[in-house]
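Each chain carries a letter (A, B, C and D) given by its place in the written order, and its residues are counted from 1.
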């Protein structure tokens, strides 16, 4: 049976079922648009689900990337309101292990003040009372409102709520080409791997929210986006060593964070660059680095039983030829390809991080609505999300 | 605003997939407690079958001493004594597992349930050996 | 370093008359997991292979499947440690099949929704750790990762489609232990059903198979004890109930 | 731009899904629950042990002949115990059989029929056993 929708609401197709795509599906659905999201595999199977689950306070970026830091603290506070019950709200510590760290700590503390991140200096003894497994040689610590979330279950709440507002979420539907007429993208073609049958969906706007795959999807429309897949190795160890998120009090480096997760501890992360986000690998020396650096923060890391090591590809915005990805900003960018490349009906959102997925979606939805002439305000700032289980049962 | 169409939504309902009773025959990956579950059902059915057989045989008592005693001689045949051992094994498995289930399912001995299972298994084997010796010694006792 | 392993993978697409198995050869490294192998198959041999995965470290619970007949999380199942020249990969049991290795989780989560256990708990935090200033309650995620393995191994779920199941019953017992504002009498009434706790037959397969130390069978038995205790109290001291 | 629906479109949509856990109301009778199976099981365990010891372990040759059976069954302690054993063991056994039959996945209607039939079988079994006992006890 063929069902032709003749609704006046414009139809947006989102390519990519990560956190950004989910938040965008919700944002657009709440603004009254018709939304179809297609994802190659299971929802959150790309970068989103492999995240360590840190809800950034923004302190990590406060010194070098105040723009990202401000985004983070704003989203941090907002997400706790719209997704209650999805966070371990135990705060985080930046731990100083030597005089160099402590000097960085002074800059960090000041930068937190400037970007509006609540921060508090703790003595070594105070920090050890909060987290007895910390390296006892620490010099001091700064408490910041970091939190943790489940890298899959928080985004699922966007998907669940989007579905409840009429968005059609289609996992296992791989986009193989974009339908382009006269420099105008009018839909997507692909294959539903549940049935192994081809599909074709027409759209008023196609949004490319495929994270590190953004370059590949954009190429289907003949445009280039400067996305650099930059993977990092993460290490999961058996045993919960801390309740708070433990960060190293120095500029961003390898193995400088320990995130508690249920009865596991996650040590992250490293950074390098690849061309194919599907083929990452787990370099052995990076794993060893996680043990070494993680043990500097929490000595128990060194002898903790191994659970798994894996890689996740960040979708960083930058020019080709970056060395490690560390020098690239963690902020996000929305490309309207009409303005940039003269291709109508096609928008790419990329960059960013788990904490700012909702803000990325809001910015993108603003662009989409402006292009479609839809005048509707963003409602994801105050719409309390359905539980993640509703994604499966809705 | 231009009108566009979404492709029709079509999906066959997911295919039902459940282990079912035949799944009892799939031994891959089964652990001790799973075996206890299957054996409990199998021995239960076996013992129930025996119960009705037994009740039917007992009707010979109503027919008087001669027919009953004739039957007795027949039952002293070693084949029946071996079957008696099988019956005892079934009763032991079902009975001991029943005690285990009752204890565990009332919320007792839950944390040590595996030790309990192993202990009962050991007891069962010992009693079975004693019973088998007792029964099979009847082969010569006739 | 490379070592070739044969994977026999369960295949099914909606509309197929019956499932079948496809064979793939995969080069493995010492770290290669079953999930790595399956994603490699999808990348280099057959893009139509469908499977669920997300976190790659036993935290999301999506990549539960049967490997050589036993339910595991593919992401933490090392191929070489399996020690078999051929690895058979099948979807979970006791759940509707969507395609290939993907099962429909809606019935599972329908049960979870009914119980409505909070996702974060207030117990089993780091021993000796104090709460940070400004933190009202220290929290951590519940252990259950909702992978469906317990339901797949359960002999009762294998024959009773209405069984509430190990995961949901364990969640109900977590509500009993820490109600956190939930409607405990309602949750107990769901568990106290012919298809609830009383259906469990103590095979403990769920507890043995659980990849996240939830001990569903133990929770079911604790729940039974609490329900039996409640009944006995009502029997012997009916007045005492009135005040509650 | 004209609207267009593609015939080959095979996009899947959420179909009929069980979104709530609401098991069908099943036929329940007093005495068929798990607790009863445990109680009757415990009783059977005691009685079957007595039965086995009395009939197989303490008797010369392992089986009683006719006279011994009559002597045994007319014993005022044994008779009520064996009667109770008959009633309880058949209840426990048929209840177990019912559970196994239900494992095949029956409709509520079929389950009700099975329950009724097995209840009938139990009544017949008990009547048959009582008749047999009566014949033996009254036998000269």
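Throughout what follows, a residue touches a chain if its C-beta (ideal position, glycine included) is under 8 Å from a C-beta of that chain, and two chains touch if they have at least 3 such contacts.
Keep in mind that what you see is a predicted model, and the values were worked out from it rather than measured.
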**Fill in**
centroid check, CA-based, most central chain -> C
**Fill in**
Relative to chain D, the most remote chain by C-alpha centroid is chain A
**Complete:** Cα centre of chain A to Cα centre of chain C, whole Å, reads 26
**Asked** What whole-Å value do you get for the distance between chain B and chain D if each is reduced to the mean of its CA atoms?
**Response** 14
**Request:** Could you give the separation in Å between the centres of chain B and chain C, each centre being the mean of its C-alpha atoms?
**Result:** 29
**Prompt:** Between chain A and chain D, what's the gap in Å when you average each chain's C-alpha atoms?
**Reply:** 57
**Message:** Residues of chain C that contact two or more other chains, please.
**Reply:** 14-15, 98, 104, 106, 110, 113, 159, 161
**For chain A, residues that touch 2 or more chains besides their own** = 2-4, 6, 36, 168, 172, 186, 194-195, 199-202, 393
**Complete:** Among chain B residues, those touching two or more other chains are 2-13, 18, 20-21, 101, 105-106
**Request:** Show which residues of chain D lie in contact with chain B when the two form their complex.
**Result:** 1-6, 9-16, 34, 38, 41-42, 45, 48, 52, 56-57, 60-63, 65-67, 69, 89-90, 93-94, 96-97, 100, 103-105, 125, 128-129, 132, 135-136
**Message:** Going by the contact rule set out above, which residues of chain B touch chain D in the complex?
**Reply:** 2-11, 13, 18, 20-21, 41, 44-45, 47-48, 51-52, 55, 58-59, 61-62, 64-65, 68-69, 72, 75-76, 81, 84, 88, 91, 95, 98-99, 101-102, 105-106, 134-135, 138, 141-142
**Fill in**
Interface with chain C, chain A side, in the complex: residues 41-45, 48-50, 53, 85-91, 120, 129-133, 143, 150-153, 172, 174, 191, 193-196, 234, 236, 240-244, 260-264, 266, 278-279, 282, 284, 307-310, 312, 387-390, 392-393
**Request:** Flag every residue of chain C that touches chain A in the complex, lowest number first.
**Result:** 13-15, 31, 33, 39, 43, 47-60, 62, 75-76, 98-100, 102, 105-106, 108-110, 112-113, 116, 118-120, 124-136, 138-143, 145-146, 212-213
**Asked** Which of the residues in chain B end up touching chain C in this complex?
**Response** 11-21, 23-24, 26, 28-34, 36-38, 40, 100-101, 104-108, 110-111, 113-114
